[in-house]
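One chain, chain A, links the two complexes that follow: it is found with chain B in the first and with chain C in the second.
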Partner chain A sequence: MKILQDALDVDFNDNYRITKIKENRFLINIDKESVVKAYTLLKGLGYRLISMVGMDREESIFYIFSCEKKVVFVKALGNEFPSIAEHIPIANFYEREICEMFGYEFIGSPDSRRWLLHNNWPKGLYPLKKDFPRSSKVPFAKEEYNFLKVEGEGVFEIPVGPVHAGIIEPGHFRFSVAGEYIINLEARLGYVHKGLEKLAEGMTIDHCNILAERISGDESFTNSLGFSLAVEEICGVEVPKRAQQTRIICAELERIFCHAGDIAGLCTDVGFGFGTAQMQLSRVWTQQLMEDISGNRYLRTINKPGGLRREVLRGNEELIMEQLDVIEKEFRDTCDILLNKSGFVDRFVGIGILKNQDAEAMNAVGPAGRGSGRKLDVRKDMGYSGYNNLEISIFTLEKGDIYSRMVVKMKEVGESISLIREVLQDLQGGEIAGDLPEAEIGSFGIGITEAPRGENLHFVMIGEGNIIERYKVRTSSFCNWPALCLAVNGNIVPDFPLINKSFNLSYAGNDL
Partner chain B sequence: MSVLYFVIQLIIAIGIAPFLTGIIKKLKALSQHRIGIPLLQPYYDLAKLFKKDVVRSKTASWIYTIAPYIYFSTTAVACLFIPFFTLPGWSFKLGDALLMAYLLALGRFFITLAALDTGSTFGGMGSSREVMVSVLMEPALILSIFALGSIAGSTGFDSILNNFVANKGMILEPIYIFTFIALFIILLAETCRMPIDDPSTHLELTMIHEAMILEYSGRDLALIEWASSIKQFLFISILVRVFLPFVVYTEFGVLSIFLSICVFLLLTVLVSLIVGFVEINLAKLRLFKISRLSILAFTMSMMAALTYFVSWR
Partner chain C sequence: MLNIIKKCLQHKVVTNKYPIEKVQVGKDFLGNISVDTSKCTVCQKCIDLCPTKAIYLQDEIRVNIGKCIFCRLCIENCPNESLKIDNDYEIAVFDKTELGKYEESTTFREADIEVIGSKVEGRIKELFGRSFNIREVDAGSCNGCDTEVSIMNNPFNDLERFGIHFVASPRHADALLVTGCVSRNMEEALIKTYNATPDPKLVIAVGACAIDGGIFRGSYAVTGGVDQVIPVDLYIPGCPPRPQSIMYGIFKLLGRVQR
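This part shows the complex of A and B:
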């Protein structure tokens, strides 16, 4: 706080107010005019922008920055802000989202087209405004979205989706190509926008936890964990040790099955059936283990704010150990075979390169960021839920191609398995949940977790009657989609599915 | 007599072809711990497709309508150029192998045109890729035919075969090994199998052959699928007949014909298993690296031709 305060004193004179909300959580109130200045200042101190949250009760925006354990909320009042997209490109996507949800203007924004709400949504209707009733019938606007035009001789556009040949979620991709080479890719998402943030408003905390579990299928547990962390931070409760350990085990199991599934997908896309079958085996075994211990293949209904809803580890310690051995052996052996298969590896090396500077610009997180040399892992940085007691090694590769992302995932599975073993050997007894005191009106908190795809962020503000006043989720997919579009440019069209699969982003997690 | 011969040939080609597709699929499934589809599934699929309605794009022209028929008929007729079974003393003039190659090219020409006809994106991409692959593979195919033909003195498969039967034990000559490798690669490319094209993929952006026929449905699709398996059968039977020309001869004419056909079919199954095995072991090539495979095929056929001029005469 001292460093922060000193730096602010130099640049801002008295035009700011800094308060320490909690351990490692700071709130800085500034004028909206000095947003850019605040960004530059925090960036200079090593902070990165992780999200922007619009507010309506009091027209304002929270710019959320983080640096290792510390999180800084920069609050600026108003409904017209200077755009910071020029300094950090990912901000443009936050700004577009806030613009369509709240109607706040961003001056100097390089791109003010719609992002998640499509152009069928009429102008002037802002769904996250408090005076917008949830049950409103919204008329069709039927306006066109202007894709970025690439012009020149021999340049064609390829529209793909939103309905695809495989059974996957909907998303539209607009390629501008010259021959097979991709000049520009624009992803148009938002087809599964559910109005989740609006839905959460007015929910009780326990109810909203169920909603959080359903944000994105394969990140059910981590999302619920993120929400719980936010609420626990607001209420200032410490979760019992056993609950923390259970949470780690569940989150790591989720990581194993997601990563194995991702690698299986890569094998499918290059038509290497053996790899697919083997990796799916690891994935399904993990899911079966999850089902055996909890009765749910996606680890739902285990977690709740304050601890656990039910005990899942008792009597299952042996089973988990045994199954992990089986899964580890199968996974390791398959990885060895795959990485030694030249024709297989050849498809991934040097393809779909996400440059480090692009990864920084888009705040690419998770394996996508680590494959591009960003040493970011919330488990280590934040040390939430008892991760600070564990020795976690972060694997990074510099090149940023498909191969890097794949190898990072392979390594992380091994790391997850050893983390689970470590936790199991040191399992504590005791309570699994503590009481949750009523939260102060207007208090807010943030839960940041490392989901299999990367950093997920849950911002919760509690209102009157201990219900949710504002719930903002920013999943890793939100940042990684724009990063994917950058990684694709310059590659050939038939390699796009591979690059896409190497990120394996969630549509549901983006279109909240 | 010769009419009967052609009828039998056609029945074998059209009837057995989907079975080989089934065998390859089954082998792939077994390699992945799956039970897989029944061996006869390709027939069920064809029957299903024939029952379904045909949906045709309103903007498509007559080319789109006739392309499946041309593709099917040219492929089926091309099968008549290869004697699936012969007996000593028989000599039918079956026609030139070059004609066969260009009959196949005719069918492909119409399918690529039809894919462009509907104006869909994937059709266009599929066509351009298909033409690229065929352009890359054509020199190797023609050169292989020349290499084989120069020994036999004619580029008809009947002469090539007769020459073979007459000189047993030539199978280990370098010229045959070279052409075998070349023709095997051409088989994989022409029938859109791995590592050139993944026949089971659902990714429209990576497809080659499948992208071209995305718009087709019902009977039209059935004809194309069927023709594709016939084409595969044709290339497999070239490998069988040219490189494994076993002749079964008994005193009874009908029995020996029957036995010859059985042996031939067994050998096609064997070659399909090899194709399946290769497919299991390979990941799909990058689109722009297909040219390297075609270079290999071309080099092999070139070596075969050179071997002939250096050592044979």
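This part shows the complex of A and C:
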């Protein structure tokens, strides 16, 4: 806090107020005019912008920054702000979202088109405003979306989607190509926008936890964990040790499940059936294990704010150990064969490069960021849920191509397996849940977790009667989608499915 | 090359024998919920707690499994432990009202879609008996259902052994398999996909969201169920339904199960 305060004193004189909310959580109130100045200052201190949250009860925006364990909320009142997109490009997407959801203006914004609400949404209606009824039947407006136009001789456009050829979620991609090469890719998402943040408002904590599990199906557990961390932070409760350990095991199982699926997908996309089938085996066995211990194939209905809803590890310790051996052997053997197959590896090297500077600009997180040399892993940085007691190795590669992302994922599976073993050997007994005291009205908290795809962020504000006043989710997919578009540029169209699969982002997690 | 062959031969056949033999499910697996009327005191606590209003009072407490998202809140909070759970996942139905009460009836706009061939019941078997092509459409799911649908194609379930394929275009499809609550932005795309599928065609709604909007029901951006937009022939409850549950539904639709 001292460093922050000193830096603020120099630049802001008295035009700020800094409060320590909790351990490692600071709130800085500033004028909306000095937003850019605050951004530059915090960036200089090593902070990165991880989200922007719009508020309506009191017209304002929270700019959320983090640096290792510390999180800084910069609050600026008003409904018109200077855009910071020029300094940090990912901010443009937060701004577009806030603009359509709240109607706040951003002066100097490079791109103010719609993002999640499509152009069928009438002008002047802002769904996250408190006076907008949740179940409104909104008429369809007829307006076209203007894709970025690339002009020049021989440039043409390829529209793809929203319904794709595979069994995947919907989204529209607009390629501007010259011959085979992609000059620009614009992803038009928002097709599965379900108004999740609005739905959460007015829900009880228990119901919102169930909603959080359904943000993105394959990240159910981590999202529920993120929401729980936020609520626990608000209520100031410490989760029992056994619950923390169970959480780690579940979160790591989910990571194995996701990563194995991603690599299977890459094998499918290069037509290597052997790899697909073998990776699917690791995946099936992981899911079978998840089902055997918890009864739920996506580890839902286990976690809740304050601890666990039910005991899932008792009596299953041996089963987990045995199955992990089987999964590890299968996974490692397959990876060895895959990585030694030059025909397979050649398809991935040097393709879909996400440059480190682009990864920084878009705040690319998770394996996508680590594959581009960003040493970011919330498990280590934040040390939530008892991860601080474990030795976690972060794997980074510099090149940023498909191969890097794939290898990072392969290594992370091995790391996850050893983490689960380590936790299981040191399993503590005792309670699995503590009581959750009623939260103060207007108190807010943040839960940041490392989902399989990267850093997920849950911002929760509690209102009257212990119900949710504001729930903001920013999944890793939100940051990684714009990064993916940058990685695609300059490649040939047939490589797009591969690049897409190497990120394997969630559409539902982006659109909410 | 040799190491690949060796690796392929390493495991015995992993494909399960479903539907000849039921697959082994986890011991806490939740397939179906019903109310034990002998224990229930009609305190209605579960009705208040249910996030999707799947539990309602009609003479006695009933559970509409079509709307249920299997969140276990009712089971955990019932003072009399009167909610019975079993692991029967074969619960697909042709008519969703068989499962319980709904607030709204189906209201797809006939003007938007060509309804010819939506009712082909008797001829289904002869038409699609041996080969069945499905186009999957995600119309606003959380990707849980989609993951389960894609898992049907892995070596463990291997749906293709029944002659059932997932195809890349609706033009090649006999049926649409729709997941998700049909978001506002997907409504038009779903109708277009439906119209692009040649007649006669079938529509399968997979998951609580596709049946009635699930937990997303009542949002400004959600239509609330596939049958609000296009006619549906089969409903598969679950959140998400397990692969065998979806397989059972497809077999039932094709008249290939006698159970």
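In this section, the second predicted complex is superposed on the first by the 512 of 512 C-alpha atoms of A that agree within 3 Å, B and C clash if a C-alpha of one lies under 4 Å from a C-alpha of the other, contacts with A are read in each partner's own complex, and residues count from 1 in each chain.
We take it that contacts are C-beta pairs under 8 Å (C-beta built on N, C-alpha and C of every residue); 3 or more make two chains touch, one makes a residue touch a chain.
It should be emphasised that the depicted structure is a prediction, and the values quoted were computed from it without experimental measurement.
In the three-chain model built by superposing on chain A, chain B fits alongside chain C with no clash.
Of the two partner chains, chain C is the only one touched by A:191; chain B is not.
Using the contact criterion defined above for the overlaid structures, shared-chain residue A:103 touches neither chain B nor chain C, since it reaches no partner. Note on the composite model: angle chain B-chain A-chain C, taken at the C-alpha centres, equals 60°, rounded to the nearest 10.
With both structures placed on the common chain, the touch criterion links A:414 to neither chain B nor chain C.
Contacts of A:78 after superposition on the shared chain: neither chain B nor chain C is touched. When the two complexes are overlaid on their common chain A, residue A:296 makes contact with chain C while staying clear of chain B.
Looking at the superposed arrangement, the partner reaching more residues of chain A, out of chain B and chain C, is C.
In the superposed model, A:277 makes contact with both chain B and chain C. Using the contact criterion defined above for the overlaid structures, shared-chain residue A:383 touches neither chain B nor chain C, since it reaches no partner. With both structures placed on the common chain, the touch criterion links A:166 to chain B and to chain C.
When the shared chain is aligned, chain B comes close enough to touch A:495, but chain C does not. Between chain B and chain C, the smallest C-alpha to C-alpha distance in the superposed model amounts to 5 Å. Once both structures are placed on chain A, chain A residues 165-166, 274, 277, 281 are touched by chain B and, in the other complex, by chain C.
If you check the complex, the residues on chain C that touch chain A are 3-4, 7-8, 11, 14, 25-30, 49, 51, 69-73, 76, 136-151, 153-156, 166, 168-170, 180-181, 183-186, 189, 193, 214-216, 218-222, 239-240, 242.
Partner chain B is touched in their complex by these residues of chain A: 158-160, 164-166, 180, 267, 269-274, 276-277, 281, 341, 343-344, 346-347, 351, 492-497.
In the complex of the two chains, the chain A residues touching chain C come out as 117-118, 120, 127, 132-138, 162-163, 165-170, 190-196, 198-199, 203, 206-207, 210-211, 214-218, 220, 261, 274, 277-278, 280-281, 283-284, 287, 291-298, 300-301, 309-310, 333-334, 337, 506-508, 511. Chain contact summary for the complex, chain B toward chain A: residues 28, 31-34, 121, 125, 129, 194-195, 198, 200-206, 214, 280, 282-289.
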